[in-house]
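Structures incoming, each one as structure tokens.
Each of the two complexes below includes chain A, the first together with chain B, the second together with chain C.
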Partner chain A sequence: MTGDGVTRDSVTGGGTTGDGVTRGGTAGGGRVVTVETDRVRHAVAVLGRATFLAAVAGFFALPLLWLATAPFDAHPTITASVPEFTLRNFRALLDNPYVLSSLGNSVIQAAASAALVVVLAALAAYALSRVRVPGRDALLYVLLLLSSVVTGTAAMVPIFELATRLDLIDTHLGVILTLSGGLLPAAIFILKDFMDGTPTSYEESARVFGASPLQILRHIVIPVIRPGLATIAVWAVASVWGSFLTPFILLRDPAKAPGAVILYTLYTEGGSPRLDLISTFSLLYSLPVVLMYVFVSRRYGFRFHGGIKR
Partner chain B sequence: MISLHGLTKEFPGGVRAVDGLDLAIADGEFFALLGPSGCGKTTLLRTIAGLEAPTSGRVVIGDADVTALPPGRRDVAMVFQDYALFPHMDVTANIAYPLRVKKVPRAEREAKAAETAARLSLSELLARRPAQLSGGQQQRVALARAIACHPAVFLFDEPLSNLDARMRLEARTFLKRLQRELAVTTVFVTHDQGEALAMADRIAVMSAGRIMQVGTPSEVFQRPANTFVASFIGSTPMNLLPGVAEDDGLHVAGAVLPPAPGVAGGEEIVYGLRPEYMDLADAARKDAFAGQVSVVENLGTSFLVTLEVTSPSGDHLVQAVVPEDAEPPPGARAWAVPRHPRALVYRHGALVVP
Partner chain C sequence: MNTDAAGLGRARAFGFVLPALVLVGVFLIFPALWTIYLGLTDFRLTGLAAANPSLVGADNYLTALGDERFHTSLWLTVQFVLGSAVIGQAGLGFAIAWALRNRTGPVKRTVEGLVLLAWILPSSVVAFLWIALLDRDQGTLNAFLHTPGFAWLLDHPMASIIVFNTWRGTAFSMMLYGAALENVPPSHLETARLAGASTFQQLRDVVFPRITGHMLTNLLLISLWTFNDFTSFQITAGGPEGRSEILPVYIYNVAVSGGRLGFGAAVSFLVLLINLVLALVYLRLLRGRRGVAT
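Showing the complex of A and B:
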């Protein structure tokens, strides 16, 4: 053991680093120094990591804190603070004729888009997974790439033009179709992965027992990929709920505008934001999505991959 | 009864998985389709089930030509290699599923499922999901599901391959007894010759989409019709040694063996003998293969000895099974003496009928 230590010391002593020289010089005592430096270094690292994490957590938590306090504050500012408690903001908000109906519009648009996306994506994913289509993967990747453009800002002018010609301006249907089109490729992509992870022997087994294609879909395929369908539905609802640009451009009548668009109108005539109304509306606007997440996660559990646990 | 007439299945790309195949399976028979992987045995089973449509040929079950019928109307039940139990249904719902498809009322089909489950000692597990069952239990549930719909034919795809070695032996006995009791025509696919020999009433050995031999386990084991079957059947591979049939006897790997009927006049033959029918002698003999012991493998109650035999016609490996405590040390000289009446002589790959 000692022989080993001496050899190592003599080797490090001959080295060029300051650390090595110290260790070589003090032989036995050097090791105690190193242990203490290690301890200090460790403490500094822990402290640094905690500070960093606290800063990051604060960065994300403060806006949420504001959302929790400002609606109940008589004089909300843009900073989070202990509120002078009041419910007056809610009354003021409900005086705006469009507020409640806008949430209703959000529900209509989100629910219809989610239903459309889930049904179409499930059928497309099932077909793409089970039937060998030449160039299937290329098709999926191109669709996925284009989908970010379809609902994106870049294609807004042609989409507006198209909607005008099809008489879809100022209708829920126009918004629903446009948003669904943008969500479909990613939905198909995720659901196809679910289907790929489901053995075809389930369906074949049911077929041998005489089940019709519709029965196979109802009894086997849909229950097996249900977590995937739930994930897609929630994701579609959340995306449509947060969409601003598409409904803002395609809808003229404020009575049809969804929450995200109405939020944008809560300003004074002078153009400064009504923080009392904005914060209160933001809270009302975010609650349904949060509740839906909790409900679906409890009921079905989220999964972004296919495959069956056996 | 199942009969196949000129059945061919060609996949896109020109692969012939099943190639002009004729076969008749009797009522109540336990029939094995045996072959190495890729020989078309599973495709054949799936064609009988109706999951694959044949390119040409006919499938007849009972008296009806079912070639054009969908799987659900052929009155067959299939147990898949992965059992294909529906993961979202409990055991009762799984077993009752075929009856659910047939629109049997819920109470009746659940009673039927419970009854079938009891028969396969699954009564304790009725409320479990497939994920909560062991491999053997999953297999029994899959069998119960197949039995519950009272089919005319059972089709099993590699029924034992998902079980561990110990379970496999139990399941083998269990399956054979169950088939006896139910007396339903059963076709099963396996790549394991031991499984086929142990369970089946008759075996069809397949290679490259064709049937190489059909027969009872003893026929296939004792008199393989060709060298393919000879090398495929048997837990220790058969010795297949090239030789020449002369008038004074068979000249094989340096040994001169008694002449065999049907071959003579310098014909090239293959001499086949199972290692179990080969004895070891420790002195030179004319009718023995002389060689050096290269490997000794312990088989439990016996030993498999491999001899390196050098002869004018080339070097060969000759294997012999010797009783325990009689095994020679590696490197020793030894003489492998065939029990001649057990020998099989092949000409152009086919058995020469004595």
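Showing the complex of A and C:
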């Protein structure tokens, strides 16, 4: 018990000693709480919670204001303000030849990567969850580490050389494979946790009736972990949709560039940002991921089933 | 869970894992090994060493370990991870999940929706939003606080990117803790409350012991992600005068802007080692907890 408390405190900064845990557990046991103080405490708690939630909503909404106002403003500045309403910015944006095609490119790259990541991660996570493989956990952690370091700027030179030699420069496939490779470890890690949390009794029954492992996976396991798959899919799409560096390095043809890269071309010849185009494009470019999230969360429920725990 | 319920067997299990392993091997492990090799050379973006890099052994590592700028950058990264991941994202994420537990309706949907929106928007869009928010002359924040001309990004670059990253990443912790809190039986909380336990006591004695595993896994993931996050580059580019130059930005600045690819690769490898230590500390804590719990 003591060891438990110390471990936890050192992580959360809880500030209690190990024996404080047990002492605290019985501290209030004999105390008489009068109705009066209980009511006051309840009121304070409700008020405190409301204030806190309002502050949180304000904090998260404030930076988003500009995205909601500037695209419709005839003379957008950096300040979020009530716009002089116009839709002219959208027309100006569509005059740029790469804008619409870049959104199409983003859809191709994001959808293909997400599909690849979900299918491969589900297969791998299922096998790793159900069969004991020596060194399994160590392997997962090493891959997780690599994926968070290597996908950054660090490995860009090797990745560029690799893509050149595999003839993947200027292809969607190159971007898709590179990004999927980076996303897979975390996807397997999170999905394996979902699988660990699901009961195996259905699989056993199915097996008794002669179902093959792939059939079991498709008809029993996947329906059970569907919220997990949806979470991974949304996460993968959002990551690819926002990634800038990989497509920037692997694609030279602007006709194949995704939205994240095109956003950085919307500058005047003098090098200052064209706020009308940038704000409008930002909104257009953000809408698909937001709609996808809304759709997925309505349809499948978007949450961590029981949380990730090891 | 190690019961082979579906009758997969080792061989077929390996077949299931293989496709993922191939993709990860080619596009992750291979570039990583290549990076380690590059770290041992004087490879440069331009000039003689670009065409014909030569092996320099541990020179790059020794230079990096003695470099004042590397030390500063490492310290800034520690602040960044502690401030924005451990305190910011995990702390705020837990607080929101706690405040919204057993709640339904528009308040919950609005708050969760806004937090998730910050997480789901593309990073280049988000970077522009924060530049617009913090701009010195026309920023929304200065207009809101009536502090015209206050240069947030110049005077407080680290605080700015810490708050930014908290805003950006809290959703993940919020969702994870929201799910974890469902594992705490309401009856236990009710009993503690009736016995007169304060919120702090309830958290310490009833809630935290049950979700330690979730907390540690969450901290591991968000620490690693924050340690290697490059989005802040799009806001401050590490400046002014390197005062927000966290390690990923430092690597970019020396390797791509400075052209010292070999040196950059060596620093990347050092970052990998630091991350490894970080992960081992978390694993150690997890194992210690398990030894007691089971």
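By our rule, the second predicted complex is superposed on the first by the 244 of 310 C-alpha atoms of A that agree within 3 Å, B and C clash if a C-alpha of one lies under 4 Å from a C-alpha of the other, contacts with A are read in each partner's own complex, and residues count from 1 in each chain.
What we mean here is this: contacts are C-beta pairs under 8 Å (C-beta built on N, C-alpha and C of every residue); 3 or more make two chains touch, one makes a residue touch a chain.
Just so you know, these numbers come straight off a predicted model, no measurement behind them.
Of the two partner chains, chain C is the only one that A:Ile159 touches; chain B does not reach it. Of the two partner chains, chain B is the only one touched by A:Pro223; chain C is not.
Of the two partner chains placed around the shared chain by superposition, chain B is the only one that A:Gly210 touches, whereas chain C remains out of contact. Within the superposed three-chain model, A:Ala255 lies out of touch with both chain B and chain C [touch as defined at top]. A count of residues in chain A touched by chain B and by chain C gives the higher number to C. Once chain A of one complex is fitted onto chain A of the other, the partner contacts of A:Ala43 are absent, as it touches neither chain B nor chain C.
Once chain A of one complex is fitted onto chain A of the other, the partner contacts of A:Ala186 are limited to chain C, with no touch recorded for chain B. Overlap of the chain B and chain C contact sets on chain A: residues 201, 204, 206-207, 308-310. Interface residues of chain A, counted against chain B in their complex, comprise 199, 201-202, 204-212, 215, 219-220, 223-224, 226, 308-310. Against chain A, the residues of chain B that register as touching in their complex are 49-51, 70-73, 76-78, 80-82, 84, 86-88, 97-98, 100-102, 130-131, 149. Within the complex formed with chain C, the residues of chain A that make contact are 1, 3-4, 7-8, 10-12, 14, 16, 20-21, 24-25, 27-29, 31-33, 45, 49, 52-53, 56-57, 59-67, 70, 77-80, 116, 120-121, 123-124, 126-133, 141, 143-159, 161-162, 177-178, 180-182, 184-186, 188, 193, 195-196, 200-201, 203-204, 206-207, 213, 216-217, 221, 234, 238, 241-245, 259-260, 263-264, 273, 278-279, 282, 285-286, 289-290, 293, 303-310.
Within the complex formed with chain A, the chain C residues making contact are 1-10, 12-17, 19-21, 23-24, 26-32, 34-35, 38, 43, 92, 95-96, 99-100, 107, 110-111, 114-126, 128-133, 135, 137-141, 143-144, 167, 175-180, 182-183, 192, 194-199, 201, 204-205, 208-209, 211-219, 221, 224-225, 227-228, 230, 248, 251-252, 255-256, 261, 264-265, 268, 271-272, 275-276, 279, 283, 285-286, 288-289, 291-293.
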